[in-house]
Amino acid sequence: MSSTKLFAVVAGAGPGTGKATALRFSKAYPVVLIARRPESYEEAVAEIKAAGGTAVGVSADASDAASLDAAFERIKTEVYPGHKLAVAVYNAAGGFMQKPFLETSVEELAGSLDGSVKGFFNFAQKTLPLLLETVETSPPHPPTLLVTGATASVRGSANFSTFAAAMFGRRGLAQSLAREFGPKGVHVAHAVIDGVIDIPRTKAYANVNGGVEDGKIRADAIAESYWHLHAQHRSAFTQEIDVRPFVEKF
Amino acid sequence: MSSTKLFAVVAGAGPGTGKATALRFSKAYPVVLIARRPESYEEAVAEIKAAGGTAVGVSADASDAASLDAAFERIKTEVYPGHKLAVAVYNAAGGFMQKPFLETSVEELAGSLDGSVKGFFNFAQKTLPLLLETVETSPPHPPTLLVTGATASVRGSANFSTFAAAMFGRRGLAQSLAREFGPKGVHVAHAVIDGVIDIPRTKAYANVNGGVEDGKIRADAIAESYWHLHAQHRSAFTQEIDVRPFVEKF
Amino acid sequence: MSSTKLFAVVAGAGPGTGKATALRFSKAYPVVLIARRPESYEEAVAEIKAAGGTAVGVSADASDAASLDAAFERIKTEVYPGHKLAVAVYNAAGGFMQKPFLETSVEELAGSLDGSVKGFFNFAQKTLPLLLETVETSPPHPPTLLVTGATASVRGSANFSTFAAAMFGRRGLAQSLAREFGPKGVHVAHAVIDGVIDIPRTKAYANVNGGVEDGKIRADAIAESYWHLHAQHRSAFTQEIDVRPFVEKF
Amino acid sequence: MSSTKLFAVVAGAGPGTGKATALRFSKAYPVVLIARRPESYEEAVAEIKAAGGTAVGVSADASDAASLDAAFERIKTEVYPGHKLAVAVYNAAGGFMQKPFLETSVEELAGSLDGSVKGFFNFAQKTLPLLLETVETSPPHPPTLLVTGATASVRGSANFSTFAAAMFGRRGLAQSLAREFGPKGVHVAHAVIDGVIDIPRTKAYANVNGGVEDGKIRADAIAESYWHLHAQHRSAFTQEIDVRPFVEKF
């Protein structure tokens, strides 16, 4: 067991999976929460601190490499100097949209690809070198890069053209990174979140799974699975999990 | 939290995944270990007891419905009377065999199907009614049926004809059960174990992944993932995970 | 182009895909139709003859190796002596059944596995040696083994436990054979037929796809795809196709 | 059978699949070949004319919507006025590249996404409205949109990060379009080309599949499968095929 100081970073740290994951990882590590706007991470930062953890929010747009460069420079020099990165989570939602294809613009496609593929690409470019450095410090758990997917990552449904393009693309990128960086000791895993997350914004979706209790996914339950993925021994890595409510049709 | 007395059952409780899973679940529940021959479970039973847990071995052949009936009757009346089933694991290895197809006999096919499909079918027939009963007792974790798969569950490789037929079949059965029993509150999950388990019998396989450390899967690491699957909240069930060493080609 | 005399064999030659495939292949080759009972192939044999083709029906049960041995002995010595096998199609339907799992018997599972897995196994054992012999004769199209799958080959739906087990198993076997025999010049391909075939028995299913025209699959359209698979150049083999009506949800 | 005048369009009409597909479709329809530079389509246009077919090359960049708009305006008013679109093929290769992820730039990612996803998106935007119009004319074959994929469409390999991201994305988009436009009568299909095409540029790759004859894919064999997909009856559409040499490992 090393005495290295470690930290976690969660990008896309809004309500739901991002916030819950940051809370879960804050039980083990100081956490950086990245979102475009402070409103997205302020609540999570406060909750982590209230629970006795350490958290800092950093505003950045992952789809903009320069913005992300600045964020990581700040993390390195100001936020957690001397810390090694234990786990990085990319959870930014890129352009979920339900719309007939012929009413969809190429700008909407670009928006989806920016958030879901380019953002994850940039985030992986910044975090994988740090995670590789951590490998050498014999951390308690293998350094981990986690990325959130959706039903659209594995199924191109009608009227979800740009979302399917973007989420399939993100999954392909994650798979390629898993095969390249796994043998170097970094665990790259992808989660297919197949259902509606139970957050304030979705409270109104009364019809999800007939309104049955637990018919929407608890974000803290996803966070437990993310923690488990991070904690897996390197002889037994999982590359992909699916997560859905017990009543979800699939 | 209920005060119901719970237990776990692991079929195919030989060295490796079966034994490790029994050990892991024994931290939470009394365990029944099922195997055809006592030699297969005796060591695990002794280890569980030495660690302060409760375990009983029962000899039965899952591919023989009558044999399994007798085992479960004994469990109900003698072994853990009044207990509810928390989790059932089917781990019996059915007929792994590498052989050119035209040298393979229909008896060898039948042997594979018996162990991998019929055995799991029988085991599910006995355990699902018990797991459904447990749902009503509000256990701490959703009642769970776990089944072990292999690379051959998702890839029919050359010279693995009977193993692929049997393991694909087992996976199809598990998927169907997940969709039927999930909405009733029972979590059915399938694990694709993609690599060689690190057990005494495989110590000789020096060439696996070039002999690199952790190039074979630690059985206790699989057991941790099995426990995680069992502990998942019902709003966030995983139906399938893959597990492989960090250096495994896939 | 060789002058070798060739023939085709279709097992599971009842109405629908089997009959249509036999008709399609009879445009190029004399055909043997195999079914358990003469009623199943008599109509197809008559239609082929009426169209100027050559066809012989042979009664055999593919799930019984001895029965199939006798059939192929008869084909070799009596039916088409001196002919080489160009293409073999396994189309026997093994135990489609929709039923709650806990009402399903192990005998019903065995019935499904016998028809869908063991039958195909036996059929492949008899036909692959013949197809390998044909490779050496430089036939106009690569010798081909085709096997019919279903939605249940790739999706284990609720209440289709035995069908899913059997059809997943059949697909796994087909994949393994494709990887073993492809490099030897035999094309093994699997077709996922995802929808209801338009045959007399299904005329009553008025609700399929809302009763829309062409909402059920035309068997002769499947047969065209089977012919195409057979006719593919060996530098461009397809291992698996899906086939479904344009209006089918998937 | 209608008397409507029909045409085909092939984008990405360079040597290999594009040229071969244009040649194959020119047996049935006048063809438009689209490529960025005339050098890419001139040879194919000449060959089609030499064989008695009709072909016109149009220079356009599919990743630039305005460029494609202009091309289709020209096709409508000058090239084939009054014709309906029978089949559209998107075959443009977007940024195949093998490179360690950390040496890959975000510009290289953008290049891949532009060619493989945005280009196909733009092409589908232009052709689907035309294909929908054709549905109403009762053409001999269902109007068809075909798109070429690769191994990287279904497998994210190490060191192929941008290619996997782009080709997964393209496949997701194709799947979504198939589900949206299939029920409207337009056949959308995706081909996973899993191997090296046998073209002048790849003659030098002597090691592909050990240099065995037919170890590289003949482009005209792919074109036959594309024609077959186009010719499928609408009750029996295939959404995805794989194509690989008989000796290819997969």
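Each chain carries a letter (A, B, C and D) given by its place in the written order, and its residues are counted from 1.
Going forward, contacts are C-beta pairs under 8 Å (C-beta built on N, C-alpha and C of every residue); 3 or more make two chains touch, one makes a residue touch a chain.
Owing to the predicted nature of the structure, the values given are computational and were not obtained by experimental measurement.
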Could you work out how many touching-chain steps separate chain A from chain C at minimum?
2
Check the residue numbers that chain A and chain B use where they touch, and answer same if over half are used by both copies, otherwise different.
same
Rounded to the nearest 5 degrees, what angle rotates chain C onto chain D on CA?
180
Among the chains here, which has the CA centroid at the largest distance from chain D's centroid?
B
Whole-Å distance, chain A centre to chain B centre, using C-alpha means?
31
Cα centre of chain A to Cα centre of chain D, whole Å, reads 34
Can you work out the whole-Å distance between the CA centroids of chain B and chain D?
46
Any chance you could list the residues of chain D touching two or more other chains?
179
Select the category (line, ring, star, complete, other) that matches the graph of chains linked by touching.
ring
Tell me, which pairs of chains are in touch?
A-B, A-D, B-C, C-D
Interface with chain C, chain D side, in the complex: residues 142, 179, 182-183, 185, 187, 198, 214-218, 220-222, 224-225, 228, 231-248, 250
Chain D partner, complex, touching residues on chain A are 65, 100-102, 106, 109-110, 113, 117-118, 121-122, 124-125, 128-129, 152-153, 155-162, 164-181
